[in-house]
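Letters are used for the chains, namely A, B, C, D, E and F, taken in the order the chains are written, and counting of residues starts over at 1 for each.
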Amino acid sequence: MSENQKSVGLRIALPNGSLEEGTLRLFEEANLKIWKDSRKHVALIYSPLILRVTFMRPQHIPALVERGVYDVGICGSDCIEESETHVIQIAELPYGRGASNGVAKVVLVTSKENPVETIEQVERESVVLSEYPSITKRAFAQRMPVDIRFSYGGTEAHIPGDYRYGVCLTDTGASLKANGLKVIHTLLETHTCLITSREILSTTAESPKEHESKKLVVALKHLLLGTLAARERVFLVMNVQTRSKERLLKQLPALKTPTVTPLADGDYFSVGAVVLKDELNALIPALLMNGAEDLVEMPISKVIRSW
Amino acid sequence: MSENQKSVGLRIALPNGSLEEGTLRLFEEANLKIWKDSRKHVALIYSPLILRVTFMRPQHIPALVERGVYDVGICGSDCIEESETHVIQIAELPYGRGASNGVAKVVLVTSKENPVETIEQVERESVVLSEYPSITKRAFAQRMPVDIRFSYGGTEAHIPGDYRYGVCLTDTGASLKANGLKVIHTLLETHTCLITSREILSTTAESPKEHESKKLVVALKHLLLGTLAARERVFLVMNVQTRSKERLLKQLPALKTPTVTPLADGDYFSVGAVVLKDELNALIPALLMNGAEDLVEMPISKVIRSW
Amino acid sequence: MSENQKSVGLRIALPNGSLEEGTLRLFEEANLKIWKDSRKHVALIYSPLILRVTFMRPQHIPALVERGVYDVGICGSDCIEESETHVIQIAELPYGRGASNGVAKVVLVTSKENPVETIEQVERESVVLSEYPSITKRAFAQRMPVDIRFSYGGTEAHIPGDYRYGVCLTDTGASLKANGLKVIHTLLETHTCLITSREILSTTAESPKEHESKKLVVALKHLLLGTLAARERVFLVMNVQTRSKERLLKQLPALKTPTVTPLADGDYFSVGAVVLKDELNALIPALLMNGAEDLVEMPISKVIRSW
Amino acid sequence: MSENQKSVGLRIALPNGSLEEGTLRLFEEANLKIWKDSRKHVALIYSPLILRVTFMRPQHIPALVERGVYDVGICGSDCIEESETHVIQIAELPYGRGASNGVAKVVLVTSKENPVETIEQVERESVVLSEYPSITKRAFAQRMPVDIRFSYGGTEAHIPGDYRYGVCLTDTGASLKANGLKVIHTLLETHTCLITSREILSTTAESPKEHESKKLVVALKHLLLGTLAARERVFLVMNVQTRSKERLLKQLPALKTPTVTPLADGDYFSVGAVVLKDELNALIPALLMNGAEDLVEMPISKVIRSW
Amino acid sequence: MSENQKSVGLRIALPNGSLEEGTLRLFEEANLKIWKDSRKHVALIYSPLILRVTFMRPQHIPALVERGVYDVGICGSDCIEESETHVIQIAELPYGRGASNGVAKVVLVTSKENPVETIEQVERESVVLSEYPSITKRAFAQRMPVDIRFSYGGTEAHIPGDYRYGVCLTDTGASLKANGLKVIHTLLETHTCLITSREILSTTAESPKEHESKKLVVALKHLLLGTLAARERVFLVMNVQTRSKERLLKQLPALKTPTVTPLADGDYFSVGAVVLKDELNALIPALLMNGAEDLVEMPISKVIRSW
Amino acid sequence: MSENQKSVGLRIALPNGSLEEGTLRLFEEANLKIWKDSRKHVALIYSPLILRVTFMRPQHIPALVERGVYDVGICGSDCIEESETHVIQIAELPYGRGASNGVAKVVLVTSKENPVETIEQVERESVVLSEYPSITKRAFAQRMPVDIRFSYGGTEAHIPGDYRYGVCLTDTGASLKANGLKVIHTLLETHTCLITSREILSTTAESPKEHESKKLVVALKHLLLGTLAARERVFLVMNVQTRSKERLLKQLPALKTPTVTPLADGDYFSVGAVVLKDELNALIPALLMNGAEDLVEMPISKVIRSW
């Protein structure tokens, strides 16, 4: 029935801003291409997994996933901490702005000229301009009273000219350095993550419709992680004579589960394995010096070891 | 002999305009790269299949293929209908301008303000500005007399200010909408197609030289369709234990003919199959939940089931 | 020990100028991505194979490799000849500026109006503006005395207006033609090559540290050549019934060593082979007409037959 | 003295975000080119008028100017209202994002499907997602209690799916329309303005150093307004015979103060005037039909009537 | 009254295609900026001169201007000839595609291999593929019977492969040369022109409303020609001592009507003149060597000598 | 006569490489537009001043101007010194790569780690890699014997890894700093200059044809310098009442020669002057506060005070 059909598929909240481009690229590589009109927030997707995709500021996502307005969301873990919500991080997704892996820090900064070197030395009643007032409040709660002012962003522009301390996000630290600031405390390490609610994860087969959502969330997790894993891996396939087979297989780390197939020509085997690009240039000489012949390297677009 | 050599290979007529970019991309992906100087119509290609490539307005192509000036051509089926020729469509090629699949419509349009809603209600002796006078004439022949004026294009600019009715091509309808027009009749649904003549297809092995052309036409059809098919497919390969093999294979639609190979380790099989990207995200969870291990997805550049 | 660790890996001299872009692309495809700051000559690379990468004018490379300041280098063979060094060319690398294969010529040119047609007819005491004074000197040594002037480049601009003869590099000859010049002698055919010193190649297992460098040089050669070979090849895989297997394999040139695997279904084999893109469009019809089924073409990123 | 020198020149707070590009362009046209490193907030400028330039979120600017941290600032008047500060708007600067004139509105929006049409009909205790909580609070204070939630931006993405009402900035309304929203109340009309503090404007010649700042603020206002005025004006110069002079001058509105110079040839005058581009195409025919000869139009880069 | 107001201003038909970009640029320079949405044909303009701007294929323009649907139009004179309309060319506008001056030719072409060299030698009953059937018919009417086929464009692609003769437009001839064709007759020389109807030009002051349109047409002509003239001219202003004045003025061609003003310092005059950029580099040395001092060159945006 | 005509106009040698773009821009601004095909060295120009333009490596230019093959040339003064020719610098042209003013230095550099701080401390028999062997030889001649090796460029890449000292060109020093080098001696300060030969400058009216060349060289100098001067200046024009005139003129530096014209209205004067952009923002307030009214600023394209 049409009524039922509409309720099939996940409702997903995705981040605009610094993660938007990387998210669109990841979904496209995962065969979940999103058609986004730059002026509209509801984007189009044609997939049985997904009912609706909405782009929004990442700060809004945890609360809306917790309330069940969306089934899953993608955002930085800083947004979860700041929002004080109880959502579940079901996967860490190693991507961020540009070629970054999405890892960053929420830090307390001050001018290089300020002799204060740790959070413990911050003067009582100091004014702190913070992009994360809730996280900042918890960090100072057991330490000393401070006056926390909300920052709309661009915090480093105001330290120390306008305010003595600031709390903001940093990945490479280049922007802090360029503005003459130093980090005196790390409040949080943050990464991009896939989140859902406790309600969805606690469904059982007894409520079939809700249980279906849980299955889709797990499928989405595997498809996204499988796509991200494929980015840094290739498929190697090579032939080897029977007498060299064992010697060759020792070169392939157990983890990679090589697939070994006997060739029609009884004296040869074909060996295939997925390997990390980073290990490739050390591995290929080792394989060829241990009996591999006709080695071919092929790009892959997804790899999933098991459910 | 040089004389004979020259007659080997197909003479191909290709469309410039909206299909040009997509045609050049398709041929390059099919390892038939065309070197085109934007000012010349005859383009270069280095291939034993093809003797000569010429780019031209698609409207001209059907007549020239029918007359035997070219062995094959690519154009929209609207051009075939308008030209009233008897060429053979040997394959529908699902591509068009940009990311479109080449499907469009020839429509009769009028202003949204006009109360007329169907072609039957068009007033006798109306003036119709048409980019397809021949198709338009046939459409009105059994209905009512109208005064058909040829349009050089940009028809929607003139309705209703200059003329009351128009006939033009539309794919998304966005341009019609932007100009305040509505469609009151669809004269034709059109798609990109590969055409040849009856003469070439009716050759037999008794006239060897002509028969050779027929073989090349068939080869070209397979190479182009195989390339287009590969765009929307990937290769999946996975391992499965003997006891799960049958369960797993049931998930793979018969059509895909999975290739099953016993591994050296007697208890496992490797399974490979070409699958549609559109089915991938439903299929991968089903496979992994039914025994698939170490699943790898790889891009492909051509797929041809049989001749 | 830190001291020892620093000495592991190759010191490589790479060319800036016309070969720079192609070199960066080749190393990236070979999983040896180089991070180059356009103002610095020492570039970054993260690889166990390579200790240090420096970009410089290719003319400087042979002398520095000969002196052992660098272990390997990439440059045109014209630079080796001009520098009169004794380095070893361990591989010809078929790439150059843009899509070129790196092959070029050092030529003696003069105006088309000049009746002189060969080097033997050059007038005694002629003035020759040369980008390669050393090669030029050797070319004229046994023939006639000439006055060789060093050219900083752009030699063709000065013939015949400012000087009667010139020696310069040319690949397509387009620049010579555009300036109204003709070639009257080819002094040298040149190509891009990977070079190392006699010392490194003559090491034996008795001096383990030096011997390690030799192994790394060989590994680098294979990885670069394997990457270049993959650019013009694809992987073909297809199924074939037992009764057609021999007929099919005859279509695959011996050189390609097809890999034949029996399928679980006893009556079929899977056949895989790496083939040249240039042969593909003739080969695919031949394979399908000789029993191949479910043929799939896949891109590859490296191919190495043996060490 | 170096100490004194440092205190000469204005400290200016400039907006990043949508006004940044237009601000940089305006200052460059005014011969006050700013050298801005995209990662730094403090920018460089070489001018006797200006001591220091800092870019920041415009919301922060009014409070910092009020407090005297900066002498002048540029921001939208919405920021002044939201900040509840008492700064002085010394000039309205007619520029904004791209080619816009900087005029926009703060509006209360809801879904087109919502039958509510005015702010008076909003249901008591409604939840309002607002980018301007302070302005919103004042708007509802005398009307009805509502629950105002702060919005980080992208408000229209959440109406009505997540919240029933929203308050945001709009210029063309295109984004609202694209998201299916309607405006039910305008809370504020906003424009770009140059602001300073009461303290600076109230200085007198008795405190020379502070008074110098006031003079610089006035100079900056004239230079910026003179540059903006020049964008929409040109200089017209033409000759006229004595007998037609009075008739011609009647065509030139009094406001433009034409400059009339007698020519050496006693019977002619030269007439020059600055005129608005918008009036040009009506004015030029009128001038030429009333005796103007040899009319020339020239671009101008600044126009200032008086101090 | 609203009815009357609507009828003020010209209705203009402008060409899309090769003249579109140049037309938009010209109108912008003339302070008649047109805001064109690439999907809409009716464009926006804010000017008392112009009521409505519509872009269309140039072939459609003469007939619509003749019928009075538009008051003025811009198109190539080839379109006028082919349409067999009786519109009036009120100005030749020297612009075309890119930097071209809009001058082109309608030519009869054939293959370079064809021994026919003039139109007189064309064989009776030849087939001519023509983009201008009406012009072609007139050209052959008094000569010989030929079979004229309408060409949709890209005519040179079909000569001689598909048809023996063709008629098409050419400006530089590069495209003809690239396709191996030669011109054997010029049917028409064509240029970009501003057209209107006889009706408009024949109005008198007795029918005031129509007469107003005539005035606007004349104004538009002057504004466009004045803008085009300014592109290739600059304004020179210089001082000269009384004793050198006559010598200096002899250097300035009579045509330029220099403006001479006595300076306050009784012994000097200021001299100003509009001169062609092409004459500038010969003129400036001559002026300075004949008494000019403090010479300044300034750009201009319009120049109109008289109505 | 055609023979004579050909010999009119200058033969100019222009630099390719880092000065090419700036040279093309300067000549275009000076109404001497050069049409350059990137593959040809002889470029086209349509001007009575210039017969032939050839682009070449700047190192080749001084010798060819000295020999009389070209009448004038543009190159850095480093090329003149290195070539040891006796050409005449008739003007310093303040432009270089990008926005640079063309001023640079030939420097002796070494690693920051090297304790040597001046050229006097360089060790005897040191190896110096030099892009200027001739200048380097002269610098060391009276000091100490060194071994100078010719550098093809990119010298900083080799210090100190491959050679201890280097001689190269530097403008901002950024590249040296990025490579960890320091300057220990400046061999030469260099700038872009216009050169010609002693022969041309010493011609008199007695040899009319040669004398014509001298005149053209002087004209070229004035046109280029006048264009460069206009880049950093604008024209100011304002009105002033008789009683304020003297006060106002005191604000205008003597050097600027204001032009003062009495207005028709007997009580006012118009004042015009060319002023430097750098002084503009201090000057405009001063003028307005001393009686200027209706001040207008206009861009200029050339300014030449006298011959």
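FYI, contacts are C-beta pairs under 8 Å (C-beta built on N, C-alpha and C of every residue); 3 or more make two chains touch, one makes a residue touch a chain.
Computed from a predicted model, the values in this text were never measured in an experiment.
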item	value
Steps needed, at minimum, to go from chain B to chain D via contacts	2
Chain pair equivalent in interface to C-F, over half of contacts matched, among A-C, A-D or D-E	A-D
Gap in Å, rounded to a whole number, between the CA centres of chain E and chain B	42
Rounded Å distance between chain B and chain C, as computed from the means of their C-alpha atoms	41
Distance between the centres, which are taken as Cα means, of chain E and chain C, whole angstrom	55
Overlap residues in chain A, where contacts from two or more other chains coincide	261-262, 298-299
In contact (per the touch rule at the top): chain pairs	A-B, A-C, A-D, B-C, B-E, C-F, D-E, D-F, E-F
Residues of chain B defined as touching chain A within the complex	234, 237, 239, 261-265, 270, 277-278, 280-282, 284-285, 288-289, 293-299
In the complex, chain F residues that touch chain C	16, 37, 39-42, 54-57, 59-60, 64, 69, 151-154, 156-158, 161-162, 174-175, 178-179
Complex interface listing, chain C residues touching chain A	30-32, 47-49, 215, 218-219, 222-223, 226, 230, 235, 257, 259-262, 269, 274, 298-307
